[in-house]
Amino acid sequence: MLFKVEMDVKVPLDYDVDHFADLKRKELERFQELQKVGTWRHIWRVVGLYSNISIFDVTSSSELHDVLISLPLYPFMEVRVTALCRHPSSIHDDDR
Amino acid sequence: MLFKVEMDVKVPLDYDVDHFADLKRKELERFQELQKVGTWRHIWRVVGLYSNISIFDVTSSSELHDVLISLPLYPFMEVRVTALCRHPSSIHDDDR
Amino acid sequence: MLFKVEMDVKVPLDYDVDHFADLKRKELERFQELQKVGTWRHIWRVVGLYSNISIFDVTSSSELHDVLISLPLYPFMEVRVTALCRHPSSIHDDDR
Amino acid sequence: MLFKVEMDVKVPLDYDVDHFADLKRKELERFQELQKVGTWRHIWRVVGLYSNISIFDVTSSSELHDVLISLPLYPFMEVRVTALCRHPSSIHDDDR
Amino acid sequence: MLFKVEMDVKVPLDYDVDHFADLKRKELERFQELQKVGTWRHIWRVVGLYSNISIFDVTSSSELHDVLISLPLYPFMEVRVTALCRHPSSIHDDDR
Amino acid sequence: MLFKVEMDVKVPLDYDVDHFADLKRKELERFQELQKVGTWRHIWRVVGLYSNISIFDVTSSSELHDVLISLPLYPFMEVRVTALCRHPSSIHDDDR
Amino acid sequence: MLFKVEMDVKVPLDYDVDHFADLKRKELERFQELQKVGTWRHIWRVVGLYSNISIFDVTSSSELHDVLISLPLYPFMEVRVTALCRHPSSIHDDDR
Amino acid sequence: MLFKVEMDVKVPLDYDVDHFADLKRKELERFQELQKVGTWRHIWRVVGLYSNISIFDVTSSSELHDVLISLPLYPFMEVRVTALCRHPSSIHDDDR
Amino acid sequence: MLFKVEMDVKVPLDYDVDHFADLKRKELERFQELQKVGTWRHIWRVVGLYSNISIFDVTSSSELHDVLISLPLYPFMEVRVTALCRHPSSIHDDDR
Amino acid sequence: MLFKVEMDVKVPLDYDVDHFADLKRKELERFQELQKVGTWRHIWRVVGLYSNISIFDVTSSSELHDVLISLPLYPFMEVRVTALCRHPSSIHDDDR
């Protein structure tokens, strides 16, 4: 199952800088784990914003839910989820 | 240069069915040409809608503009364009 | 996989009444087929509107896509799709 | 009387973790009471969000009002209420 | 059960004037019937618009649904429905 | 002169409970005074929200302004004001 | 009583040019009558749009309603009405 | 040059009352200076809101910018600016 | 005086192709006249849309109004106008 | 590559005045560096707001991203980015 997930990160001006840096390090580790196993299939930055557009490939909606809400930066995120499916016109067999 | 392009297709209820089928055939051909050369890098369907989410990889903004406005179904589309860039955390060298 | 689907139906004032009645009959038949097999699990009317809120239970996103776009009244609909998952607090084992 | 209720929960970043955990426990208890008596008829999670979509079956609008505003997490919620009614096409006599 | 219903009427510029006048006469008759029996409890015009704000008092959501969609001008209306309940602070016993 | 006024009350999570209870008592007194003299002609609760929909009957726009901004809970309110007028179709001479 | 009224005029591309010119002449006459008697107290154009911002000074909401809906171009307008009152800080006694 | 300026004032619930009263006094003085010289040509209150609608008559866009951002209450305002021009239909030579 | 003007062009699907091509030729001529005299100071295309973002430099708001509404493609445009002024930080004396 | 960037600056009422003045000085220096090298090609103030509209000319989307997120006032900004391209009708060879 494929999903587009858009994540906007908003950090309060007075948030503790070291604590946030620590959360970012944890987020990066978790992201790379999920990328390696193919769950977090694609990620792109939105130019000029602290936002990304990602494609997730999961075995169930619940898996996606659990992955997202346990992200270290989740409490700072506004998240938009859109269910996708393969496009029948695609010439790539594994275009996910 | 990477762009996310979202395309919603709206066809008037009374539009000529054969003419539209013809335009769809042309759209499909043009899409596959662009996919083969790597310009139209990804395409996904939005579940339940006549809409897609695509990633384009072009050498200039003008190239993207020309590609989009010459699509056979362009006059039926509402299009949203977002400039993207590679995400530095990605472990894939060619994640475009 | 569970999805909430909201469908608003808009019929042009000058649309042929008999043709629309015919499409409604076909929509009803298709709806009841899908309800019997459990795909279209719930449907409620929104009070005062020509709209419904439905819960679909499908084996894949693609199945939902194909079901929705082939509905006889689909060309008259504005559709909003939201991916759901079971709620862990629910005391009903089969609350879908 | 049937209502769709959508609840989005927003917790301030600096809210006391233990206090919130306590409120969640009370919310869960209250939810299960209401589910057992059939008032809170259905609940689904919205994938990726701290939100749910619920169907309530109450004897009056006032009953729904009292139930909602006394939920332990109500002060953290943004709530949207939509009045529903049974759909005449439904083949299930008790589809509520 | 009390509902606020807001109705905006939009008439196409080229709609047949006599036909619309006929529908307005039928709407007026129907409105006054419903007002006499207390179903359409209040109506006010929104200044400067072809819109009204009304309070309905019905025995069920389905009754309201059937009343609204059978209004002669319903096909020209955009309708917004909001469920209300008596306010406990009110000093009028029958403030509906 | 008739006005619809919609009031949404938002209380910060950490607002002093006793102080707010005191303001609510004052709001209730003021509301009932205004209801007795016929200025605050109708009030209804919006189901599930801390919001009301009210009809005011005042002799001038300035009177309404002064009444609203001096409400004890006004600093917590988001207010929407819509000018109304009697509907000529109404069969009630005093439907205000 | 003072009101701000914003009027946006939208003319279909294929509307009969002579008929519209005739309606504009009638609108102009009616506007100038209302301006002379002080009802249509101010009018300004919004730069670049077929829109105006006007201040009306009327004796009742109903008067404003009747004035607006009988304007020759009313069927082409989208109208927004806002109730105003004199500002107590104004040094002009007759600033209406 | 004429501009419509709409100003909404929002004061945090816990803002120091005396400090704000002081800023209001300064705002009033500044407003009356600008009104005397004809820059702040009109002001009206929006009924029920802490908002005004004003007409400014300035010799340049920069003059308007400097006037607005130096208002004592500017940090509390949400401001919307719309460029206007005289309406050619107006019978008043100096309707500004 | 500087203004940002955003123009979106929408052409009905069934509009006469030759007539529109003729209007585009006239629009181009008019645009280039205005560009030569410095009124239409900048123009950029929005990538993927039939829209432009332009900077106008005019001696009055009325001049801008007259220029815009007389554009050959104006009846097909949705236009948004924003008043600008020079930025005091700019190191270019003639940055308009 | 050309981009329109709109920046709205929002400063909390209680932010330290000296610290913000210091950030503004750094922002000004950085802006002028970027203006000198041609990256920040144009800037205009939006009248009455703490906002600007800018045109950036960069060699890649990533360059724009890095420039924007490292601006000293970036944490106070809401930013909107739109990809542009030269307009083929322009008579200026270097209109960027």
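To keep things simple, chains are lettered A, B, C, D, E, F, G, H, I and J as they appear, and every chain counts its residues starting from 1.
Following the convention adopted for this analysis, contacts are C-beta pairs under 8 Å (C-beta built on N, C-alpha and C of every residue); 3 or more make two chains touch, one makes a residue touch a chain.
Here the structure is a predicted model, which is why all the values come from computation and not from measurement.
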Per Cα centroids, the chain farthest from chain A: G
Repeat of the H-I interface, chosen from B-C, B-I or F-G (over half of contact pairs identical by residue number): F-G
Separation of chain B from chain E, taking each centre as the mean of its C-alpha atoms, in whole Å: 45
Averaged-CA centre spacing for the pair chain J and chain I, given as whole angstrom: 22
Chain centre separation in whole Å, for chain G relative to chain E (CA means): 28
Computed distance of Cα centres, chain I from chain A, in Å: 40
Residue list for chain H, restricted to those that touch at least two other chains: 2-3, 45-48, 61, 64-65, 81, 83-86
Parts of chain A lying in touch with chain J, wherever the complex brings them together: 11, 13, 45-50
Chain G partner contacts - residues on chain I that touch it in the complex: 3, 5, 12, 15, 61, 64-65, 68-69, 75-76, 79, 81
Residue ranges of chain D touching chain C (in the complex, touch as defined): 2, 4, 28, 31-32, 35-36, 42-48, 52-53, 55, 82-87, 89-92, 95
Chain C to chain A touching residues, read off their complex: 1-3, 60-62, 64-65, 81, 83-86
